[in-house]
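Lettered A, B, C and D in written order, each chain numbered from 1.
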Amino acid sequence: MKIHEYQARDLFRAYGIPVPDGAVCHTVDEVRALVPDDNQLRVIKAQVHAGGRGKAGGVKLARSKADAIENASKILGMDIKGYTVEKVLVANAVDISKEFYVGLINDRNTKSVTLMASAEGGVEIEEVAKVSPEKIIKLSINPVAGLMDWQAREIAFKLFTDIKHVRAATDILKKLYKLYIETDSTLAEINPLVITEQGEVMAIDGKMNFDDNALFRQDDILAMREVTEDEQKEIDANEKGLSYIKLDGSIGCMVNGAGLAMATMDMIKLYGGEPANFLDIGGSSNPQKVIDAMNILLGDTNVKAVMINIFGGITRCDDVARGLIIALEQIKTDIPIVVRLSGTNAKEGLEMLKATGLPTVSTMSEAAQKAIELSK
Amino acid sequence: MKIHEYQARDLFRAYGIPVPDGAVCHTVDEVRALVPDDNQLRVIKAQVHAGGRGKAGGVKLARSKADAIENASKILGMDIKGYTVEKVLVANAVDISKEFYVGLINDRNTKSVTLMASAEGGVEIEEVAKVSPEKIIKLSINPVAGLMDWQAREIAFKLFTDIKHVRAATDILKKLYKLYIETDSTLAEINPLVITEQGEVMAIDGKMNFDDNALFRQDDILAMREVTEDEQKEIDANEKGLSYIKLDGSIGCMVNGAGLAMATMDMIKLYGGEPANFLDIGGSSNPQKVIDAMNILLGDTNVKAVMINIFGGITRCDDVARGLIIALEQIKTDIPIVVRLSGTNAKEGLEMLKATGLPTVSTMSEAAQKAIELSK
Amino acid sequence: MSILINKETKLIVQGITGRDGAFHAGKMKAYGTHVVGGVSPGKGGQHIDGVPIFNTVKEAREATDANASVIFVPAPFAADAILEASFAGIELVIAITEGVPQQDMIRVMPFIKQNGTKLIGPNCPGLITPGECLIGILPGNIFLQGNIGLMSRSGTLTYEVVNLLTENGLGQTTCVGIGGDPVAGLYYQDLLQMFEDDPKTDAVVLIGEIGGDAEEQAAKFIKEKMTKPVVAFIAGQTAPPGKRMGHAGAIISSGSGTAEEKIKAFGDAGVPVAKEPSQIPGLIKSKLGL
Amino acid sequence: MSILINKETKLIVQGITGRDGAFHAGKMKAYGTHVVGGVSPGKGGQHIDGVPIFNTVKEAREATDANASVIFVPAPFAADAILEASFAGIELVIAITEGVPQQDMIRVMPFIKQNGTKLIGPNCPGLITPGECLIGILPGNIFLQGNIGLMSRSGTLTYEVVNLLTENGLGQTTCVGIGGDPVAGLYYQDLLQMFEDDPKTDAVVLIGEIGGDAEEQAAKFIKEKMTKPVVAFIAGQTAPPGKRMGHAGAIISSGSGTAEEKIKAFGDAGVPVAKEPSQIPGLIKSKLGL
């Protein structure tokens, strides 16, 4: 689960990590009410779940109240990579003396939380990682000891020279780790972490992701969740035991198992089609899941053909066939559907489907080719 | 640092460990206001920092409001082992089906927190430990893993048979451990932990001690501290860098170092005297400490003679002599003082003391014998 | 021969009285696996389908001498169940449960390492040595005894591939589903080493997915240490770039994680990568000179 | 010969710029100890009294090849300082700091064990191999090179005893103050074993205190493992029964902790217990047949 920059800022502040003063606004009126008529330089930042908002014009400086109002009115409602900007963060701009990067992530290889830090902070950190990986300091954190004070200080000494900055950064790293662990985070970045001209160490921009599997024990984080229409579909699907991600193609697919679903999408592309979605109905044999899945698939107006690919293991093919028959009785559709059933009770399932007149094939490749052909 | 039973109860409740309803009262009027005129059986318990209050009559049952008032008035003001009862806990009595013991303690040998549990709970647990140590289950807790759920459950299964009780006890053990760690406790006991006739698992009486060295980070615990007059003297002494414990004898002693101070007390007893105190002035050479120490010693009206025993290491004997001379100028006293200085700058110190006319000796044994002789 | 499990394996089922645990305990027994006990706190002393139930893993292990445990307990309690098995001295733990919080698994790792426990999963379908022992939720009927080792991050895709192997007469020594979670037990390298050391295994099929760099690490390992042929397949070659990873994701994997990079890594290690699952049997046969 | 420290020991001082750290660094240097560096975050690159200062223990160790560290940092940060030294690969860590929270020490223990670090203290005066190396706050002038090993839970009482030994011509191999805290590093047994193994040590003096059962454990160890004579003294024989321990205290130490029990335990182990410190030299001499 992702949150907005302003929400990450709120968490930082709650854990004592210094951030510039600021607040989120949903309307131009709120900006007008918030910003006093002073000479403070401010920055107005679009709050959307999309990268590259700076290049898209979603980040603007404001030298006056009038400026702030004007820029906020430009940014609010703007479209960034398909996301409409509904909120802006209005924050005091600070005089930056130097930019740094610090981040925490769950690392598959070390099976631990890894702390990363670099004196080359700012937007180009990914470029730094590629070109000069030696400039990224990495530390694998022992989960039972946690981030020890001396470790945080050792990292801070690699970034800063002035002991005042070292102490401030040590403190920030410890607090970021605490925040990370206590919220079941999977990614927490401060980029840039800066030294201001006044000598303060501060988090200017932040990003946090959270473990969906741990949301059951993270009510405060869950309360921050904001979803787009597409994401809502994915969440609804999830609640029905389905894993669904909408894509832009025209071949809807329904598969059991994530790996097989991905392989199915690959197959569609391999034969020149474009998948309309990723849809995994999971391992159960409940016909209702098939009905729900078909409803989702056929509700997508981009879908021109549907490919059903089931390998029966725990899932029984006759159950899938049964669900499909009920679904097709409920949802009358003209969209062509190709069915491939293999494995447990495939024979029975295929027998049941005969009455529906749906085209059935025996391999994944055939199914993909047939679906593409029918979609044209 | 110790707290009262009612304070331990409050901590238990804050951590979700079930305790019977109740409240602390400082006066009979408070009891009158608290207890409704019903048929609830209640128990009135003296809240003093002394053991054996049951035998001393400090715990009484009350079958009615009038009963509660009468018994509270008997207990309030009562003297238990030199402590005046200033508070009573008034709590609902429960129908106990079976009593258990659980406790956590910092264990020197395993250098970890040890969980102890026994199906033989109640006041005689120390007897159980001596006579049937096999009835006490012990578990050394890995400090980095903490008390794992399965461990708490394994212990609970050794005490209880009904899965309802096992689950409740598992939960209580986990909460007690959390409380223990989060408050820098050195001892946390529930004795007895009971199953009520109604099938509930509950903490009936509890005891907690805390690490004095950790009070700097335990404001909430520190706020619970209540001290007697004697303890206040010890705390005042502590703030002056002295370690002082008042005893009942007549030979005051001032020593540098806790081990040497204990050995000095032993020596006094060995030669037939009784030490009036334990007093360690620590390792510094600050003459002010000597002045403060002498003020404490000579402020105790039981003291008939003073033995000063200094082995100069880091402490310099001339500094001690200097402090002593200033102290004796400030506090005019007729109480005889024997001085033994040895080690660093002992010669210089003894030379300085010549003018005071104080008797000086060269060994601990002589000092003890001389002080006893002078006290008569 | 085989790796990890065989005819001698004695299995207990943690969460045996739950819906999934009970169902699959029955399936495993039916396949021939020695299901010697189950654990379900509070049900100790009872039996399910002839299998004795215990309150704790320790009791179960002491009574049955089990050396493997499969975990079906719900996600919030799965990490604790793994620890219980590990501290009870169970050598091989297979966690089927999906949805286990990542921090829980991170905290488990140092202890299972310290105790010398081998962990597979969580969020995995289990493993099978065909004809000898099945642990988990794999459909036993599609497997065939033989000389191919298989490891996979996915479930049904594995069955798809195994079915193709079996249809082509390519039986398996052991097939292991390592699970799809970011923080998991045995990885490709661990299993590759075991297959390399297993005299019965002649070739290995590796089924990977996009994301992370487990496949790149495996490719490196194969290049440096493996003498036996390996054939790979990567699912998600055409999936849109991962929506969930920020800067740090790119940094930590040093730019890897895409299908292209994985395919390139395998290419460098001399490992042919199938374009679609149906090519796998052919690639294996040509590697084995069949 | 000696135990733990000698002429070759290279010491760094953590907290060297603090009042106590600076003072005792000077004292130790004056005694002849190789004080090769100090650690004080933010003062790296400076010197104090000719000793180079570093920001971290790691830097100090890399630059100086130190194998011992003495800790003078304030109590709230002492446990972290121990960990920093341990993870930097320092073999012997002496924590002088008093007032360290017990839970901090409990959390430190598994890591120093895992790293193979020897810890003395906290709340201890340090140790000395007379004529070779002094680490801590002991007054060097009272010690004499010789063949007696000494270990103690107390500070000045140790000096009292050492002074008596020295005055009686009984020099020392190494004297170790193990500290008075409930949760501490090396205990009597560890040191007894080292003295037993040290060819130069002919007899050992053990100075104990009431409370806990470290002395009982030591007596047991002596009975079972020691061939060299040991003489003991217990301080606090007449102290009023410990005010601080509840039921659990009595349970955990199985009824022990009093001076009587300790004296009895030593008696059972054939260890004479001095009634007052001045008897110790005589007891040692008679044991050594002098």
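Note that in this section contacts are C-beta pairs under 8 Å (C-beta built on N, C-alpha and C of every residue); 3 or more make two chains touch, one makes a residue touch a chain.
Fair warning: this is a prediction, and the values are worked out from it, not measured in the lab.
Colleague: Please work out which of B-C and B-D is bridged by more C-beta pairs in contact, and write that pair.
Modeller: Most C-beta pairs in contact, of the two: B-D.
Colleague: Roughly how far is chain A from chain D, going centre to centre by Cα mean, in whole Å?
Modeller: 55
Colleague: Averaging over Cα atoms per chain, report the distance between chain A and chain C in Å.
Modeller: Computed from C-alpha means, the inter-chain centre distance equals 27 Å.
Colleague: Can you tell me which residues of chain D touch two or more of the remaining chains?
Modeller: 107, 110
Colleague: Which residue numbers or ranges of chain B touch two or more of the other chains?
Modeller: In chain B, residues 144-145 touch at least two other chains, as defined above.
Colleague: Have a look at which chains touch which and call the overall pattern line, ring, star, complete or other.
Modeller: Graph shape, chains as nodes and touching pairs as edges: none of the named types, so other.
Colleague: Taking all chains into account, which pairs touch?
Modeller: Going through each pair of chains, those in contact are A-B, A-C, A-D, B-C, B-D.
Colleague: Can you name the residues of chain D that touch chain B in the complex?
Modeller: 75-76, 99-107, 109-110, 125, 137-139, 141-142, 152-160, 163, 180, 182-184, 207, 209-210, 212-214, 217, 233, 235-240, 244-252, 254-255, 275-278
Colleague: Quick check: in the complex, which residue numbers of chain C touch chain B?
Modeller: By the definition above, chain C touches chain B via 41-44, 55-58, 77, 80-81, 83-84, 87, 110-111.
Colleague: State the interface residues of chain B toward chain C in the complex, per the touch definition above.
Modeller: 144-145, 148-151, 153-154, 157, 163, 166-167
Colleague: Provide the residue numbers of chain A that touch chain C in the complex, in ascending order.
Modeller: Residues 2, 101, 103-109, 111-114, 116, 125-126, 129-130, 133, 136, 138, 142-144, 181, 184, 186-187, 189, 191, 207, 209, 211, 213-214, 216-217, 245, 247, 255-260, 262-263, 265-270, 275, 278, 283, 311-315, 342-344, 363-365 of chain A touch chain C in their complex.
Colleague: In their complex, what parts of chain A are in touch with chain B?
Modeller: 144-145
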